[in-house]
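In what follows, chain A forms one complex with chain B and a second complex with chain C.
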Partner chain A sequence: MNEHTDAVRKDFKSEILDENISGSETYFRVKEDAAVRICDQLYHRMDCALVSIFATDRRKKEGCFRIHYLFSSENQLQNDRVQTANGFIIIQIDIAENAPHFHSVTSRVPAANWYEREIQDMFGLIPVGHPDPRRLVNFEDWPPKSYPLRKDFDIRTKPERVKGEYTYRRVEGEGVYEILVGPVHAGVIEPGHFRFSVAGEPVLNLEIRHFYTHKGVEKLFENITLDKAVFLAERISGDNSVAHVVAFCQAVEKIAGVDIPPRARYVRTILMELERLYNHLGDIAGIATDVAYAFGAAHANLLKEEILQLNEIVTGSRLLRGMNTIGGVRRDIGDKKDIISQKLSAFRNDFRELMDLLFASPSVADRIETTGRIYNDIAKGLHVVGPAARASGIDRDTRRDHPYAAYPDLKFKVPVLKAGDVNARTRVRADEVYESIGIIEQALSRLPDGDIKISVKEIHDGYALGYTEAPRGETLYWVMIENNRIERCKVRDPSFCNWLAIEYAVLDNIVPDFPIINKSLSLSYSGNDM
Partner chain B sequence: MFDILKKTLKTGTVTVNYPKKPDIAPAGFRGRPEILSDKCTYCGECASVCPPGVIWLEEGMSEKTLTLSYCGCIFCGRCEEVCPEGSIRLTQDYELASKTKDALLTSTSRKL
Partner chain C sequence: MTVETEIEIMGQHLNERIKKIFGRSLHIREVDAGSCNGCEVEVNALSNPIYDIERFGLHIVASPRHADMLLVTGPVTRNMELALLKTYNATPEPKLVAAMGSCACNGGIFGNTYASGGGVDKFLPVDVYIPGCPPRPQAVIFGLMVALDKFDQKIKRMEVKA
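Up next, the complex of A and B:
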């Protein structure tokens, strides 16, 4: 039972053209002009988070484009009553080729901002009424009327470069200066442009520009076979490999209608938590570095390295790659149970000692408390996800809210703090480290016997959603398969949601605190740019 | 401050003496794939499943050649998984740095 889908059915009876339920996903194809009202109601009245918007080119089969608004419907307390809901609601509208526009929902649901602009660039469908209709993914040198995700755009196309200009927002006034940072940065990180407007040290405005390394990953998915696509998914965001590949595999397994063996579900869970451990340690090390707490940084990096070496022993890869496949996992880890337990129990003690020292240090506290605050309403409006959201009082975690793999069988807490500053984000990660160790220990002690994979050969046509909670937050794959090939693969990396939050987090902070704020949000360029 | 010193002393030296002392990767490591020439039947199965496409089979007039480039290899081990003869396998070797791309090619061939 889902109260949210019931309410949509009741309130928009005459607007719904057809309905299709598949597992936890409920698809409503609705009249084009009703989409904004339905999204508005789902978001504002039912408190469903808008987790993605994406388009599909259905011109060949159905003679139109289709836009999908993806909402997450979860149990929640409203007016002192728990609403029963669990699943995803997908609102679909059809767009005719000769009228390639749709009504923007961004002014009602701010989280729609980048998705609508992405659709505009990749499909040439115009979000009418969008408050910021500039290009997002395609840069100004990309020729007009060239839309990479349309089916008639050949993957080998080498578009001619044209001249164009991108306009940044401007803050003007006496003593206001712009500081331009990037796209090329000093460290070995990826490219992104940050344009600060400052009056003295405090930041008045920050505008970010990304997608310098847009690689056309979604187009690439449509042009490779399923067994190869697994390895592409694994490499979209280098340090969130497992979360990505598992989300992809889960989507395909749902379409194929297969339940993977219980042992594989547990192995996947262990891998996903190992991934969280080394990511969180890396982030804590980075924050310690940026506040010049060199001792803490060195020890956090040492602990991260210990997990990476453990990963190598367990899977043959420091970044846990090559383990997942459609239908389960490729290698068993049963004989590694003891070494994982031993290492983790020592790791837990060392980590606790380090955190006690880190949080007791006045020089650390001075730099991270009240720094880079993201207020709850901003985080909610932008649909910030993962530890960054949980540090701003948003109690969401895909592992608990939409359970997958072995998570339904395991006990864990979801740490939530309210302050929304760098301190809260660091503490949420630290608390999650203990939970992850607990999850791995439970999974190891209950590891079921049996196979680690089942063979999935022919996959009938269909579509489904795969989701995981990556170290950075909710990761989504919407996959559509036709004739045993990928017709569409929409990837939603957590950083695509979280990047815009940095524009708010830095306001009223001083420029030297930007690196810490940036690190505390742990944003991926690669996962965002795709 | 005292706690920091205590932890520092307790931790001691953690760096290793690499490369003076070789650092051997654990068993099961996904390292440089090697082709066992005597077993290869040149069926091309590995070439067809290789995700980055860095294995290729050439059939000339007088010989067949199977070539693998370590340049784009992602060490996924699909070649090892599908090879019916067990003639390609991942090794524990990770020291692959080279000054030329040609040095990163490995191949086996058979006269027809």
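Up next, the complex of A and C:
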């Protein structure tokens, strides 16, 4: 039972053209002009998070484009009563080719901002009334009327570069000047452009410009076989390989209607938590580096390296690649149980020592407390996810709210803090490290016997959603299969939600604190740009 | 052999060559030309206390103007092409280019598409290719050793010309 879907059905009876339920996903195809009102209601009245918007090119089969608004509907407390809900609500509208536009919801639901601009660039559908209709993915030298995700666009075309201009927001006033950073940075990080407007040290405005690493991933999915797609999913955001590939496999497995063996569910869970461990350690190391706490940074990097080496022992890959496949996992890790538990118990002690030192250091506290605040309402409005959201008082975690793999069988806490600063984000990660170790230990001790995969041969046409909680937060794959090929694969990396939050987090902070704020948000460029 | 001894042995070899060719150290600028960030995980690992490449005279610098070598990752996306060329032009001669990872070597899984350029050597002269997805830190160090030999040849050729 889901109260949110019931309410949509009741309130918008005459607007709904058809309804389709598959598993936990409820699809409502509605009249084009009703979409804004329904989104508004779901978001403001029912408190459902807008987790993605994407388009599909259905011109060949159904004579139109389709836009999908994806909402997450979870149990929640409203007026002292728990509303029961668990699933996803997808609102769909059809767009005719000869009238390629739709009503923007961004001014009502801020989280829609980038999705609508992405659809504009990739499909040529215009979000009418969008407050910022500039290009997003395609740069100014990309020719007009060329839309990569339309079916009649050949992936191998190399459009000519044209002359064009991109205008940045300008802040003017006495003593205000701009600092331009990137795309090539001083450290070993991914490329992106940052433009600060500052007056003295404090930041008045930050504008980010991304998509330098846009590799055409979603188009590529449509042009490769399913087997190869598994490897592509591992390479969308390299350090979140497992979270991505598991989300992808889960979507395809749902379409195929298979349940993977319990042992595979447990192995996947262990891999996902190992991934969280090395990512969180890397982030803590980065923060320690940027506050010039060199000892802590070296120690954290050492602990991260220990997990990377453990990964290699367990799976043959430091980044845990090549383990997952559609239908389960490719290799068993049963004989590695002992070494994992041994390493983790030593790791836990070392980690505790490190965190005690780090949080006891006044110079660290001075740099991270109250730095880079993201207030709860901003985080909610932008749909910030993962540790960044949980540090701003948002109690969401896909592992608990939309359980998958072995998580329903295991006990773990979801740490939530309120302050929303670098300190809170660091502490949330530290707490999550302990939880991860606990999850791995439980999973190891309960590892079920049996197969590690089932073979999935024919996959009938269909679509489904796969989701995981990556180290960076909620990761979503919406996959549509036709004739055993991928017709559409929408990937939503957590960073696509979190990047805009940095523009708020830096306000009134000083420029030298930007690197710390950036690290504490742990943002992937590749996952964002795809 | 443990990772530590492996690195110790390789590192000493590397250090000798660096001393011979440069007198002191090799300065490297890393350029992400659209990687998935997996390669960056390993480049960053090179500086952790286990590998600690600084002790062998390898130094990752902040600007191409201080660099002897560009270590390029990623398939060179359409949107990074210009920035990569600018970085290359800002690096003083004689310089080396190492393509790190399958993507940089030939486009890797991202291939040659509207958005992905299909490898660094489509845009720049590449001196060494370091395959792997991502290459292990040991492989990167080995690749750097190969690159150094090339550098030696480059300098000799320049001297002959002069």
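The criterion applied here is as follows: the second predicted complex is superposed on the first by the 530 of 530 C-alpha atoms of A that agree within 3 Å, B and C clash if a C-alpha of one lies under 4 Å from a C-alpha of the other, contacts with A are read in each partner's own complex, and residues count from 1 in each chain.
Rule of thumb we're sticking to: contacts are C-beta pairs under 8 Å (C-beta built on N, C-alpha and C of every residue); 3 or more make two chains touch, one makes a residue touch a chain.
Note that the structure is predicted; figures quoted are calculated from it, not measured.
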TODO: Overlay done on chain A, so just call it for chain B and chain C: clash or fit.
DONE: clash
Open item on the list: So in the superposed three-chain picture, is A:Ser363 touching just chain B, just chain C, both, or none of them (first/second/both/neither)?
Closed with: neither
- [ ] Examine A:Leu302 and indicate which partner it touches, taking first as chain B and second as chain C; both and neither are also allowed.
- [x] both
Open item on the list: For A:Asp227 in the superposed arrangement: first (chain B), second (chain C), both or neither?
Closed with: first
- [ ] Could you tell me if A:Arg235 is touching chain B, chain C, both of them or neither one (first, second, both, neither)?
- [x] both
TODO: Once the structures are superposed on A, label A:Arg330 by its partner contacts, choosing first (chain B), second (chain C), both or neither.
DONE: first
- [ ] Check the residue A:Asn75 against both partner chains and state whether it touches chain B (first), chain C (second), both, or neither.
- [x] neither
Task: Which of chain B and chain C A:Ile313 touches, first, second, both or neither - done: first
Task: Dominant toucher of chain A (residue count), chain B or chain C - done: C
Open item on the list: According to the stated criteria, A:Asn484 is in contact with first (chain B), second (chain C), both, or neither; which is it?
Closed with: neither
Task: Partner chain(s) touched by A:Pro159 [first = chain B, second = chain C, both, neither] - done: second
- [ ] For chain B, sort through 2-10, 20-28 or 56-64 and name the stretch that clashes with chain C after the overlay.
- [x] 20-28
Task: Overlapping contact positions on chain A, where the chain C interface meets the chain B interface - done: 228, 231-232, 235, 302, 321
TODO: Name, in rising order, each residue of chain B that touches chain A in their complex.
DONE: 3-4, 7-8, 11, 14, 25-26, 28-30, 49, 51-52, 74-78, 81, 90
Open item on the list: Which stretch or stretches of chain A touch chain C in the complex?
Closed with: 139, 148, 153, 155-159, 183-184, 186-191, 211-217, 219-220, 228, 231-232, 235-239, 241, 282, 298, 301-302, 304-305, 308-309, 318-319, 321, 524-527, 529
TODO: Sort out for me which residues of chain C touch chain A in the complex.
DONE: 3, 30-45, 47-50, 60, 62-64, 74-75, 77-80, 83, 86-87, 108-116, 133-134, 136
Task: Parts of chain A lying in touch with chain B, wherever the complex brings them together - done: 224, 227-228, 231-232, 235, 295, 299, 302, 312-313, 315-317, 321-322, 330-331, 353-354, 357
